[in-house]
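Just below sit the structures, each encoded as structure tokens.
Common to both upcoming complexes is chain A, partnered first by chain B, then by chain C.
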Partner chain A sequence: MAQAAPVLNHSKPLKHGHNVKRHTGLMDWITTVDHKKIAILYLWAGGLFFGIGGLEAILIRIQLIKPMNTFLNAQLFNELITMHGTTMIFLGVMPIIFALMNAVIPLQIGARDVAFPFLNALGFWTFLFGGLLLNLSWVMGGAPDAGWTAYAPLSTSTYSTTHGVDFYTIGLQIAGLGTLIGGINFLATIITMRAPGMSYMRMPMFAWTTFITSAIILFAFPAITVGLVLLTFDRILGANFFEVGAGGNPVLWQHIFWIFGHPEVYILILPAFGIISEIIPTFSRKRLFGYSSMVFATILIAFLGFMVWAHHMFTTGLGPVANALFSVSTMLIAVPTGIKIFNWLFTMWGGQVRFTTPNLFAAGFIPTFTMGGVTGVMLASAPADFQFHDTYFVVAHFHYVIVGGLVLGLFGGLHYWWPKMFGRMLSEKLGKWTFWTFILGFHMTFFVQHFLGLMGMQRRVFTYLPNQQFDLLNLISTIGAGLMGVGTIIFLTNVFLTSRKPVGALDDPWEDGRTLEWSIPSPPPEYNFKQTPLVRGIDALWKEKTAGNKGMTPAEPVGSIHMPSATALPFVMSVGIFIAGLGFMFSRDDFGNAFMSFIFNNYIVTAIGLLITFGSMVLRSVFDDHGWHIEPEELEEG
Partner chain B sequence: MIAVFGLILLTGCGRADLSALRPQGPAAETSYGLMKLSITIMVIVLLIVFSIAAFVMIRFRRKPGQSEIPEQVEGSIKLEILWTVIPLILVVVLAVPTVKAVFAAGNDHWNDKNAIKVKVTGHQYWWEFEYPDYGITTAQDLVIPKGKDIAFELKTADVIHSFWVPSLSGKLDTNPAGTINRFSFSAPNEGVYRGKCAELCGPSHGLMEFKVKSVSEEAFQKWVDGMKKPAAVLLEDPALAKTFKDQCLKCHAVGDQGISVGPNLTGIGSREAIAGILINDDSGVEGASVEENLKTWLHDPKSVKPNNLMPSPKDLGLTDEEIDGIAHYLANYKLN
Partner chain C sequence: MTTDQQTPQGGVKHRYRHEGPQKHIVVFIFSIVLTLIAFAAVAAGGVNASFAVILLLVMAVLQVFVQMGYWMHLKDKGHMLPILFMIGGFFVAGTCIIMSLYWVWWD
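Up next, the complex of A and B:
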């Protein structure tokens, strides 16, 4: 249907397209709706926050290096632990997970983009502005100090008098919006955009875990959204949801928080399971052992994940019936998790295991995560948890799961897909250095913390008395944290050095790629697949390779490709929400300046922010943008 | 790893008066028993996983020149059933004693005539202990008769705290009115045990410690009698006595005088620590003498416990000499 235009270049409008909107430099990044570029944005932003959270961790560990240390004061320490937890979970690892999902999922399922590219950009920008808002608290009167769990009444305005917790509630609300949008987008993408022949049970495992994770996000994030709204209303508008004196109930907050908070744990770890399930088969040159049981184990974990929230509340005093039920339901999660561990081990069994950097991380993941898993089962036993709860034993447990599990998985995934994302291989030598320093530092930091907890050291203490036999173990822990920092610096060095090398990675740089992303160039062209591939089985590319084919069989003739238009609206909408959030937060403040007080106290700033956001929505609705096309002739040009 | 593990063995399992690994009473024994059971099961699981992992990672390394494609195994239903059923059995083995112990821990002894009732109130950042049957209230040092069941009722005056004496029992939160908790434990042996607040409650959360003193039945009775007695002569210097009464007793109580807004000071000279955190130890190993600790505290309470609610005596207009005089008086105010 397309007639060849006499001259083809990117600046000229094509026949039936709208204007091709292309930007360069900074504007390109602000306006992009390309999932591959959004992935890179997520990676840099997540990496930045991961770095901030890491520095906070180092400060915490320096304070705890010896008893009665005075390196940090008590208030600052509480701000640091609150921000470390909040930053790492919401702004550090989740965006890096989204980076990998964005970079890989459309490629793995043979799609040209996600289902809603505009929403994808909006999700990123709301996350970024939410994260920036939260971190502004450091320079705007004090960071939140009630722990990442923000238990009431400590988090109410009676006991936390700075704006810290307001930054927490509003910052997370805005960032959470981005996560919810992202989750919905991936659900729609995986349901509707799989290549011909890719049935659900032929999807790569990472696509499966992304799918399930997105479903958990869809059901879990509304709970925290509601909780944050209630806490915001309590603090800013004087509502009484958690104010005891006015009939509120602080235990309600704990339920709401953990109904979100526990599934959140699986939102974090399931993608890591997916990454490991991609890396191990590739470097064992074998298909994933027990694929269907892996799929069902994932679904079961997600389902049970919603049934166990009260195991965070065994010492709240829920009574024996609740404690017994939640103990047993929690222990049950060990069963599907164990299935996964053994399936990974038996994937390697009989294979030809190659210890590249990604596979080193995967190999380190299995025993480390298992250790975090078994302490999880120990914590599930409520009467034993009466001792473990809120001690360093719990700190050790969840770091084994989140760092030993998720972060090792993310490092593995980043090394594995780096050539696909950037077209350059990370240095294997530096990668191995990263692995060994990081994992050694990790075990040094957290293994000893199990014992600190059992020996009576509670968590979230800014200092401790001498003569409690805590000193040596804390010293070891701090040294380990430094070593993890060194590992991270080596990784950053690796990234920097690699970025100076020319693009030159092969389509299938690990040689044994099994899934669709390895059938296209590294980095892929903006339309991903010139022709949508036909999927003829699980591990689609591997199947073609073993059949002696050079690449995928196309499922369609070469034709013009419909592309979404770049737009700055998602960015502008997020700026609007950011302004509205700040305005709302300070709506009750006295600025000692008539003008400032006037515009804040009358919600004028909030209104301006909302006007920007809703105005952008109106623009988006009124002016249709049908996107543009890349014509076959252009494809031939390469 | 092995080196780290060795170091831990060298340091032992912690102090007998503090560690959950060295239980000194039946409640802590129950938790410890479940810990041992679960650790045993988990170590077995870990050994199996580690051995298989080590085996496959060594045995199935890709050899140089190896190029044939390994057999693409789909899976094995037998194996899947095996590693579903065995973990399920292990879960049952752990779940049965867990459920039993959960219900046993639910038995709070509050209506047991032989139990000693104690109402515990958490404050930022100190502990109040009220004995409703005896009509006495104390702070920071919980004195209990050995061997008796102590029935606790826990609540908070402000934010949520958590009442924890690791060597005697697991912890339970102190919630605001409406969600008040009850539980009980006992200490079969005489001794002093360290207690801690285990729920983040503000800047001085880490300093919100207390002691549990388990004493003989007779000593307990003597202590109760001493607590009930009206306070002796306040201070010998009448001017200082007036200052003490006008300033300190506006929030604190001694014997029958003053009010209990802040910690009750009756017999403070015989307590184990000042403000829960400055440990009284004349030998100087763990802390300083009572009087020294009182002086440290009274000269600048905020530097000992950041953000605590006690106004600095200096801000109330007390001179250094007055503060030292009051410290001297309190240090010698013992229950005999």
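Up next, the complex of A and C:
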């Protein structure tokens, strides 16, 4: 308890009476545990990796622009497709999802922070260092090249002799830690920190999808962790889980990967469903149609999502009974998803629809995602899948659901909550340009790929022969990819121009805000709510608006607010794991340098890294952090 | 779902009454007895091996329920969500393990 006497003395110099260390500049970002700042960190880091993944996509498309192209060689192409998939999913879109969750969820449920602010920071830093480790592979002997699914036996040390796949297994394990920590944090936050009156069935839809997504993370990520650990053991310690020659089973890797991998696609898409379910009611001036069926559908999708993984493996020879069962369970998912699509349409039906930028993205999402869903049902049919498998039809399908679904949702969400996160409205004009270039480019890129796949073009080939009628469609696809790049650049321009404007967004900049985040200033003060609001119904703020009230009714008197202390420990812990990972990866290498070989081959580097991490944990456990308080007098000043 | 209430001062008020230690002492002894039975069944050596395995499993399952219910408080009010999540976890993990084992080793 550092602050004692001065705090009790309620006089004017109180603000300086605290013994709270206020960091500025870079140190502020490294030590922050504030969910709003962590959201911004997630956004920049996720945006960086999204940009890297996007550049990789553009390079892939340039290579495929014409037959027999020599722009990239086959090895580099394999590295690019592997890193494009891995980067986009684990380091690009998932962190941006976490950015929006962090920025919005505590505000939507009327909380002052997440349940575990320290863990929140730890989750971000482990993700960032895992991502950096994975991308270091480009300059440290070659990126992973076994595809984003890293199927054994290609990914085992027999066939992948460089360190590429090691970067994949260890980088993803470190990044995966962050995701798991984040998921558990949001579960605890939503279960325990909802404002008085906010029952589960009064939670905003985005809070619901975040809750369910976090539960899927909790159940699915352990599977990939186990798989990655087994693969690491195979590659570095000479185990034989997936080595056929030594009695291992490569199909086991596929099971483990897809037991995680299929729930993963719902981890990606459910938050987008939540974002769309927030945007559409706001800009239709109507409450969400069929709220309880939306909740039910979300839970059902999560449940079914764990029962369908083998549909990625129809061609491995599971037998007709298993294939039929998994076909049916996969097609079943179309039912709750269809419920959602119709609910969004019925929300817009008869509403006063305003096509602002977020709503354009939401409206563009519905038909685009539906197309991805329809090809999904086609792929779910096992006999047909024997034709579609490993062709561009599959590539078109999953880009329709991930880009046409999730990325459109994320762009919509970013435009929608940007004023709440940064206090500045993004330009509507540039936003609309972003939308139209991006969605046109998207359909140009991926619509034609359905036909390329049906005509027999395989995925993951680095080039193709002329005169197979592939040439024109590939050219169109590449031009479309360029157009998506232009859309992204317009968005970045928009962000840059907006950041130069003064902070001036209203509390409720879209004027029709329905949920709690629009009842507080933009950007919110660090304690979010001066007084915890009393929630009297679904769409809490809208209910007060229709009752003619100025704002939310407080559920508590003004009092001192307990805040968590800033700390650099999460950053230091993640640096430790990063060092340990690198040390472990190179523990079998001969460096041709006695000192380097000594410290790596004897696990000294690994030990130093683990010492840093566990030492930080000891520090965290031994020294109690009591946090600090913001007193009512300071609230009045603010 | 929690039965604790946040007071305006930031403290936590427990709504459920505290039980005496008697029940916990009984449960503690019961846990030890379960362990002793399992240990004795193997240490004594006279027990048929396949029966010992079944006995051990039964003791283990009983032990899990005792530990979860009393020491992790799952029997108390307001623990519906932890129970739900544990059932969910067992269900998902169980399905995946059984299916994978079936396909990878026996099919």
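The criterion applied here is as follows: the second predicted complex is superposed on the first by the 619 of 638 C-alpha atoms of A that agree within 3 Å, B and C clash if a C-alpha of one lies under 4 Å from a C-alpha of the other, contacts with A are read in each partner's own complex, and residues count from 1 in each chain.
To be clear about the criterion, contacts are C-beta pairs under 8 Å (C-beta built on N, C-alpha and C of every residue); 3 or more make two chains touch, one makes a residue touch a chain.
Treat the numbers as computed from the prediction; the structure is a model and nothing was measured.
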| item | value |
| --- | --- |
| Partner chain(s) touched by A:602 [first = chain B, second = chain C, both, neither] | neither |
| Partner chain(s) touched by A:249 [first = chain B, second = chain C, both, neither] | both |
| First, second, both or neither for A:559, with chain B first and chain C second | second |
| Partner chain(s) touched by A:199 [first = chain B, second = chain C, both, neither] | neither |
| Chain A residues touched by each partner, larger count belonging to chain B or chain C | B |
| First (chain B), second (chain C), both or neither touched by A:370 | first |
| Touched partner set for A:307, first chain B, second chain C, both or neither | second |
| Chain B versus chain C as contact partner of A:223, first or second or both or neither | second |
| Touching both chain C and chain B, counted on chain A across the two superposed complexes | 249, 251, 319 |
| Touching residues on chain C, where the partner in the complex is chain A | 1-2, 8-10, 81, 85, 88-89, 92-93, 95-96, 99-100, 103-105, 107 |
| Residues of chain B defined as touching chain A within the complex | 1, 4-5, 7-8, 11-15, 18-21, 28, 30-32, 34-35, 38-39, 41-42, 45-46, 49-50, 52-53, 56-57, 60-63, 66, 69-76, 79-80, 83-84, 87-88, 90-91, 94-95, 98-99, 101-106, 124, 154, 158-160, 162, 164, 166-167, 169-173, 175-179, 181, 194, 196-207, 209, 277, 279, 285-286, 306-307 |
| Chain A - residues contacting chain B, complex | 73-75, 77-78, 145-147, 151, 153-154, 159, 244, 249-251, 284-287, 289-293, 315-317, 319-320, 323-324, 327-328, 331-332, 334-335, 338-339, 341-343, 345-346, 348-355, 363, 366-367, 370-371, 374-375, 377-378, 380-387, 389-391, 443-444, 447-448, 451, 454-456, 458-465, 467-469, 472-473, 476, 546 |
| For the chain A and chain C complex, residues of the former touching the latter | 191-192, 215, 218-219, 222-223, 249, 251-252, 255-256, 259, 306-307, 309-310, 318-319, 322, 556-557, 559, 562 |
